[in-house]
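The same chain A turns up in both complexes below, where it pairs with chain B and then with chain C.
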Partner chain A sequence: MRQGRIIGRTVLFLLAAVFAIGFLMPTVLTVTNSFMTQSEIDANYGMIFESARPGGTTYVGDSVNLKFIPDRVSFSQYETVLFRSPEYLLKFWNSIRLVIPIVILQVGIASFAAYSFTRYQGKLKNVLFFFYIILMLMPYQVTVVPNFIVADWLGILNTRWAIIFPGAFAPFSVFLLTKFMRRIPASLIEAAKLDGANEWQVFTKICLPQCRSALYSIAILVFIDYWNMVELPIILLPDADTQPLSVYLATINAGEVGIAFAVAVIYMIPPLLLFLHGEEALVEGIMHSGSVKG
Partner chain B sequence: MAGITFNNVRKIYPNGVVAVQSFSMEIADREFVVLVGPSGCGKSTTLRMIAGLEDITDGELYLGDRLINDVAPKNRDISMVFQNYALYPHLTVFDNIAFGLKLRRVPRKIIRQKVEDVAKVLDLGDLLQRKPKALSGGQRQRVALGRAIVREPAAFLLDEPLSNLDANLRTQMRSEIKKLHYQLGATFVYVTHDQTEAMTMGDRLVVMKDGFIQQVDTPQNLYDHPCNLFVAGFIGSPKMNTLEAMLERRDGSLIAVFDGGELTIPASRTYDGSLDRYIGKPVILGIRPEDFHMESEHAGIANSCLISARVELSEQIGSGVYLYVKCGETQLIATLPTHGAARHGESVRLTVDCEKLYIFDKDSEEIIA
Partner chain C sequence: MKLKEFIKRRSVRSRDSINGWIWLAPSFIGVAVFYMVPFFVIVYYSMIDNPIQGNFVFLDNFVALLQNRAFTTAAVNTLRFSLIAVPLAVILALALALLLEARIPLKSHFRTFFLSPLMVPVASIVLIWQVLFHFDGAINEFLLRFGVDRLDWLQSEHNQLVVVVLFLWKNLGYNMILFMAALSNIPRELLEVADVEGAGPLYKLFAVKLRYLSPTMLFVTILSLINSFKVFREAYLLTGNYPYGGLYMLQHFMNNIFRALDYQRLASAAVIMAVAMVIIIAVLFIIENRYGKDVEG
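And now, the complex of A and B:
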């Protein structure tokens, strides 16, 4: 009996380890390969991009070689990204200029909307909330065309507002935060009212501090979602100069494979730091919002 | 400080449920009034109407001389202690207590002084920098009280504040709240479904049922002179025994005959003739468990009647014993001294103090004698 349990656990552990390695491998590969020289990258992965390469003067290996440890640690790719090619940093800056306002506006607007859905009664409220859920369930490809038409009509097409504006009103955050706010006991709000708080003070001094973990988890999720966006900028920001770095990473070309690894590592840092800083809040926020049984 | 006056107050919820009906009474300044009744009787709704957390459908509510029907909760000058304490979990004990004062822009120095004074009264001095989750139930309750008293409001409302505490702590907090009432000299309105809590704390009790006031009186008067069967059953522990009986006139005396025995109604209870119209009709008899005595101990009681019964169960409570007996087909409970109490299956002869007998109209359930 006991032996069977040990074998079962070992099998489970091995399975988990295989999956963990499978998930981690691309990240580890990206990080270690970012320290390779361009010639070593060509030797290992050149064959994949050979047909795209004009002239074909560089040495190209006969096969694709997944290599984790560089022959020689080199910072040349980082040097190029950070000091020699300002366009990468510009694109990084574009990403920040797009994502930060979306996060701030979406969290702010979702807080107001969720508070209203939580606090106010009325027949219209349930209908509206139902529409929010329907919108949330729609794949975003469905809303891209209307977004394009509206942005064009507003004259904000090919400006960052074409992405920020629809991004600020995402239904998922409202849904998540509403579920979270409904957990706040009514007596807490009533106590605050008796203590002399007006509606704004109840919202800012009682409700929002209670939702800190939810707000943080929404901020992280929204940040990661928009940090990785590709299709929206391609459609709504046709001008390459205004596009974020995520678009560049998705449209990588053969001559810049080495740089792409370095850029990818740099691009990974902000969401990673955000996640590490708010991991607990993220878990708590998602659990308490009703998405997971607590 | 101020009294509270209800004038025909009514509360009907939007779904049509009538929570409070024709509620009229005056709570005097500095009085400790307890609203008591079973779940759903409207006591909490009444309290919430005083606080302004529920709209008043009809009638008038005054705090002192001020009509407060449409006054916002924050402008009513009332504090409330909630059943679940409702402490702000993200704030320290200090900030919880100081919250109302900060909102009213009281100078910081005065806030500190007031919070420290309250902390001293409630023995919270060492806990001021803790968050509520680091406190025990009793400590949380004291913080909730602290938050209520620091603003020095006109009236305090307490909504079953002890129901989340264990029995020992409840007894301790009960006396602490009572002391606080003496100390503050303020008007207290307290809601509970626990009649022991109500009896021990209130200057006056308001017994409610189905949204109606059944009786308003002092604890002792409610116990001694209940106005109807509901109040008689609700006040007192164990509950008053009630049994259906038929009134008969025999040899000039009035006899109540019930399944398993009969009791002679003393002349002192019948002289005004109020029971005459019930002769030959069924009535409800009420006997408090403590008005039963073992036959051997009935010597000092002037108007006692004897009944025979069989013991079904006895429960020791230390100071005495609850004896569950069956008299004919009638179930009765008697509170008796421990010594000499009978055991399961034994036959006993119990005397009833007939001077303390209650007689209720069977239809209206109002008391008739």
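And now, the complex of A and C:
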């Protein structure tokens, strides 16, 4: 009996390990491959990207060898990206200038709205909250058309504001934060009211501190969502100079493959750092998103 | 006396509700300006022949759109992708959650590993995906060793499968966390009673756990369905604007009409998809209301 249980657990452990390798491999391979020299990349993956390369002067292997560890660890790709090709850093900067304002504005605006949906519930409010949920569930194919039309009216097409404004008012944060605020015990708020606190004080002294980890986890979720954006920039920012790295990366794949690996790694550093720091908050946030209804 | 009280209560309540609207105003005004008002304009656009003359044609644009081969192909492709990807996303995520529920070593590390793809931008890993799935790529090399003929993964109907794998890789972790939360909410006593009465692990899984998980399953299904409509991102980064066959998604179609700036078609496509989404969401809500109620999650 006991032995059977140990065997069972070992099998499950091995199963989990196999899955874990599958989940980690793409990320790990991207990182290790970013430390290859250009000639090693050409020799191993030349086949794949040959057609897209301008001149075939370097040695190109006749088959693809997936390398886990480079023959010689080199930082030359990073050197090229960081010191010799400003366009990638510029695109990285574009990403930051798009995403950071969206995260701050969306979470900030949502905290007021969530307070309203928590403290002042009425029929009209409930209908409106339901409308926010439906809007949240709409795919980009639908919402990008209104966004485009308004950006056109305001004359902000092809500027980053065309993405920042709709992002700032996207209903996702409102929905999730409302769910968190409704979990704050009503007695806590009533007690503060009896002590003479006004609405602003209830909001800043009770609701926001109670939702601190929720705010953090929502900020992380919004950050990765927009850090990863592709659909909106293609349509609202057709000009290559203003595009974020998440779109631009796909276009450099064809050209300098070695650099692309290094750029890809640089691009995943901010979200991965956030993940390492905020994993607990993030998991808690996801757990509480577990139902569409309040 | 009573009247005074009534008036007083009335005024408190209306002051309250004005307060509530003030708190909501920043968000509501933004949503109205950037989503609601333009959407009504789109509904108008979808029913006129062109913006200059503005003749009312009612449903003509919709009929034209539904007869458009590109649109119907994209819609069928998107739906087919969802039908393949969503059940897998639910079942595999549940399997992972159950796996982590068993007492195995390094449990919290596994959770981190399974969740990590959520944080990796798709753009960052498409490169390695191309190395793996290229015609001369690593997966084909591997298959050759076992005597399996190589497949042209990205340039054939198999490309949907590649994107399904990418979709699962990205989304399973999130769904798994949702299932883990639901599993930990199952009352311990219930499982203990089942133990005492000699229920086997399979019986416990199907008779106790799955019953409790049904609301979460519905929610994960909804979420995965919504996410599967966004899979254009993966398809685009892997195969560009003009993918082979089955990966031509609704968003590809939209991009092409954006390039032509055909307002009537844009508007009618957006309206049709919005209506379809509302219907899908309503059906899922009704199902959740009917079957998700017997156990509170």
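Throughout what follows, the second predicted complex is superposed on the first by the 285 of 294 C-alpha atoms of A that agree within 3 Å, B and C clash if a C-alpha of one lies under 4 Å from a C-alpha of the other, contacts with A are read in each partner's own complex, and residues count from 1 in each chain.
Please note the rule applied: a contact is a pair of C-beta atoms (placed from the backbone, for glycine too) under 8 Å apart; a residue touches a chain by one contact, two chains touch by 3 or more.
From a predicted model like this one, the values you see are computed outputs, not experimental measurements.
S.K.: According to the stated criteria, A:I69 is in contact with first (chain B), second (chain C), both, or neither; which is it?
M.R.: So A:I69 meets neither chain B nor chain C here.
S.K.: Is A:I206 in contact with chain B, with chain C, with both, or with neither (first, second, both, neither)?
M.R.: first
S.K.: Pick one for A:N33: touches chain B only (first), chain C only (second), both, or neither.
M.R.: second
S.K.: Just to be sure I read the superposition right, which of the two partners does A:S187 touch: chain B = first, chain C = second, or both, or neither?
M.R.: So A:S187 only meets chain B here.
S.K.: If we overlay the two complexes on their shared chain A, which of chain B and chain C does A:D195 touch? Say first, second, both or neither.
M.R.: The first partner, chain B, only.
S.K.: Check the contacts made with chain A and report whether chain B or chain C touches more of its residues.
M.R.: Here the partner covering more residues of chain A is C.
S.K.: Of the two partner chains, chain B (first) and chain C (second), which one does A:I6 touch, if any: first, second, both, or neither?
M.R.: It touches nothing on chain B or chain C.
S.K.: Could you pull out which residues of chain A sit against chain B in one structure and against chain C in the other?
M.R.: In chain A, no position sits in both the chain B and chain C interfaces.
S.K.: Which bits of chain C are touching chain A when the two form their complex?
M.R.: It is residues 16-17, 19-21, 23-24, 26-28, 30-31, 33-35, 37-39, 41-42, 96, 99-100, 102-106, 109-132, 134, 136-138, 141, 169, 172-174, 177-178, 180-182, 215-216, 219, 222, 226, 229-230, 232-233, 236-237, 240, 250-251, 254-255, 258, 266-267, 269-270, 273-274, 277-278, 281, 285, 288, 297 of chain C that touch chain A.
S.K.: Inside the complex, what are the residues of chain B that reach chain A?
M.R.: Going through chain B, the ones touching chain A are 51-53, 72-74, 76, 78-80, 82-84, 86, 88-90, 99-100, 103-104, 147, 151.
S.K.: In the complex formed with chain B, which residues of chain A make contact?
M.R.: Residue positions touching the partner: 185, 187-188, 190-198, 201, 205-206, 209-210, 212.
S.K.: Can you name the residues of chain A that touch chain C in the complex?
M.R.: Against chain C, the touching part of chain A is residues 9, 12-13, 15-16, 19-20, 22-24, 26-27, 29-30, 33, 45, 47-48, 63-64, 66, 109-110, 112-113, 115-117, 119-120, 122, 125, 128, 132, 134-135, 137-150, 165-166, 168-169, 171, 174, 199, 224, 227-228, 230-231, 234-235, 245-247, 249-250, 253, 257, 260-261, 264-265, 267-268, 271-272, 274-275, 279, 282-283, 286-293.
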